[in-house]
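Multiple structures are listed underneath, in structure tokens.
Each of the next two complexes has chain A plus one other chain: chain B in the first, chain C in the second.
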Partner chain A sequence: MTAEKPTPRAEVVPGGITVVEATDYINNEAGQLLADAAKAHFGRERPVLLFDLSATRIINSIGVSILLELLEDILDRKGTMAFCNVSPTIARTFDIMGVAQYARIFPDRATALEALGGHDG
Partner chain B sequence: MVSEREPFVAEVRLLLPPLEGAELVAVRAAEVVGRNAGFRTETLDAVGIALAEACLNGFEHGRNEGGIMVRLALEEGEGRPTAILAEVEDHGVGFGARRSRRTGRGGGRLKKRGWGLVLMRELMDEVDVESVPGHTVVRMRKYREDRG
Partner chain C sequence: MTGDTLRRLGELALEGLPGPRLPGIVLDILVRESHAAGGLLLRAGTVVARQGTAGTEPAGDEGAIELLPGPEPWHLRLVGGPAPEDGALAAARLALRMWELGTALREARLGERLRLWELDAIRTLASSIVGILDPETLGTELTTSLVMLMGVRRAELLVGGTPEGARRVAVFGRPPSDGTDAAAAWREGITTDRLLARPLATSSETLGLVLVADKEARTGSQPFSEDDQRLLELFAVQAAVALENARLYRASLEKERLDRELAVAAEVQAYLQPPEFPEMAGYRIATFRRPARFVAGDCFTVSPRAGGVEVMLADVSGKGVGAGLLAASLQSGARLLAGLDEPLAETAGRLGRTLHETTEPHQFATAVLVRCGEDGRVTFVNAGHPPAFVLRGDLRIEQVDSTGLPLGLLPESAWTERTLILRPGDRIVLYTDGLTEAEDASGEELGIGNLAQIVAAAAREEGEVLCAAVVERVERHTGGRPFTDDVTVVVIERTPAG
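Let's turn to the complex of A and B:
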């Protein structure tokens, strides 16, 4: 079921926000692909990164741990990491694992972009 | 403590090899079983994440040649499904001797390792682990949201 390894879609939108669309399952491999896709677009001192989890239903702790490493990197650069369209169960998982303590979580992409657009990084 | 309760109104047994992504077979099976019994998406998402963690633990610590056994069952009460029972069995070293070999660095300000059992306990209603060297069963139960 994971024979296909789709590359996450990433783009930099106006305001310098890097938006990465995650796949349906964030495991170790997908987590690393997400992190790599995000880092490839870091062109600023204080990166602002938004993961859109519209398509994501399942995550595992290894995948989230890779995102936590990325989060630490972003925090070290005084940047911002955010998520949008997060299912209730994934939001709870983020809460349990400490992601929600340091990353911002928005209900949808438009709200996220509006809020992050005001970020001074 | 997850107690045994009968009868089961539906049951699925899977023998999963330690292949990349094999845990998703169990997750999808639980989704099919639960959806047919009227469980909500949010409940099934929680079962899915917990079940994936249990399977990954089994793959990591079990004997690779044997794979893991996953058993999913719907429990019935007052004539309708009331809970999903998910069991994951492996024949590895046992929980007491386990040390994670999963990829990922452990340092930094955020804890990145050892979340599997924590997530299972937080996302499921009941979790019980029976483990001796050579045989481990993780037994989890999630109740239907509207059970009486």
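Let's turn to the complex of A and C:
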């Protein structure tokens, strides 16, 4: 088990949804890179952001707090934040830390995009 | 000041949990209200929001309007415009104070949720460790939990009682144990700003070491706190319990396996010494055996021969499986040799040599070999065994003492044979020293003389009943305490038909 260098990938898919693919370990650096990648696509008043966590195994407390701040920012902009492909451990963490209270969680990307009104390009 | 400005600032202040953009919005309202070209909002001297042409203004609160006092005071600096009216400033103060309170509340909630997360992780680990039997799975669970909860860049679990014998079962990032004082870590743990190590200790021993290093801050890293130490100690306790559970479980499985093997060995040994024997013209055999453990070092063979029988009773030195294996080997040898019809002393010599050649020097066996002929002639070789009793029909007892050294004690040895005549109704009683060395409550051994009296007292019984009666009387001597050595009795009776 090793910590990988975080390199998140972000794209806007048809429907105006920003999809960000998170890396293996979301810590302070990776978390900030995720937030920056997401904010770079905040082109409108009501942003819709989907984090695909299929590659993510671990998120630490600082990573969670960065996501919570981002969530707050998005809610402040009347936007939506969602997650898909979340591991059971991270889903439990999101539940306890209150992320799941305000963000939507989907089993996979297709389901998420359909529910959020977008689709893969 | 416009009523609109006051209304907007008031609405901002009254929002339930003002969002992160609130300081920027407040500044924007104040800049517009003052018709300024731009402005800065500073908290504790740090720029929180910029507006308009203030983008190039230096930070710092010198010459700025104090909005809120306190340990982290708020200041407003406007560029190219008059100070806002008092009413606007008061409304801005209210909005910022509410924002501060909201932020503090959020942080408190975050802290509370973090504690819940810790408790949940500990509970999850505690409940899952019952089923975790391999240290690698435990290590992965543990290091993952530590990385998540403590926000560390590196974590490691080592298993072993000492640094030299330890094995790394899980690691995240570069191993924190690299370059640390292993002896100190194992002894009492290590606490520095960048590294924490705690031994996984039970009440009696150390089972391993858990280490974490490089605690993250929002940017860069920060020193470990007392809370971090407490959390790591909680996890170390859980991990120690898990490792101990796994160790006990493995030991239990191993004991179960050994018990099964011993039960099989005992079954095999019992098979080699059947409780019943075929009908033999002129002689009847009765036996009693009670191993002190699963597998006995006592053994006997009964080999029918034309018009008679050959019997060997032996007691192998030692106890348990090792003695049992040797006893089985001796049985096989005695059975094979019984068919050769060579002098009994030669049979003893062959057995003794084989035993000496195939076993450790300290191993030997006492044995008594008895060959009973069709005409009642009985030949004895007693290789260091307790005396055999010959119980005559008139209840007199004769003894056949040792006629040589135990088998296997020396590479070459000689035994003399003793011969007597057994008449119908006469019996030979063979036994092992489990009976003569049985101790009473004061530690006094029964002895050969007392056993002879017991045999005489039970002499009116026959066959298996006689064997059981002898053992029962010896048990009275021990006060009912179990025998500490194997006990075997073999009775050879010359029957009237002979």
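The working rule: the second predicted complex is superposed on the first by the 112 of 121 C-alpha atoms of A that agree within 3 Å, B and C clash if a C-alpha of one lies under 4 Å from a C-alpha of the other, contacts with A are read in each partner's own complex, and residues count from 1 in each chain.
The rule is short, and it goes like this: contacts are C-beta pairs under 8 Å (C-beta built on N, C-alpha and C of every residue); 3 or more make two chains touch, one makes a residue touch a chain.
Given the structure is predicted, the values throughout are model-derived calculations rather than measurements.
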Clash or fit (per the criteria above) of chain B with chain C on chain A: clash
Touched partner set for A:36, first chain B, second chain C, both or neither: neither
Which superposed partner A:102 touches (first chain B, second chain C, both, neither): first
First, second, both or neither for A:72, with chain B first and chain C second: both
Partner chain(s) touched by A:92 [first = chain B, second = chain C, both, neither]: both
Clash with chain B (superposed arrangement) - responsible stretch of chain C out of 27-35, 135-143, 297-305 or 351-359: 135-143
Residues of chain A contacting chain B in one complex and chain C in the other: 1-3, 25, 27-28, 57-62, 65-66, 68-69, 72, 89, 92-93, 96-98
Complex interface listing, chain A residues touching chain C: 1-3, 25, 27-28, 57-63, 65-66, 68-69, 72-73, 75-77, 89, 92-93, 96-98
Chain A contact footprint on chain B (complex, rising order): 20-21, 23-25, 27-28, 42, 45-46, 48-49, 52-53, 56, 102-105, 108-113, 115-116, 118-119, 122-123
Contacting residues of chain C [partner chain A, same complex]: 19-21, 106, 109-110, 113-114, 116-117, 120, 140, 143-144, 147-154, 170-173, 216-219
Complex contacts: residues of chain A adjacent to chain B: 1-3, 25, 27-29, 57-62, 64-66, 68-69, 71-72, 87-90, 92-93, 96-98, 102
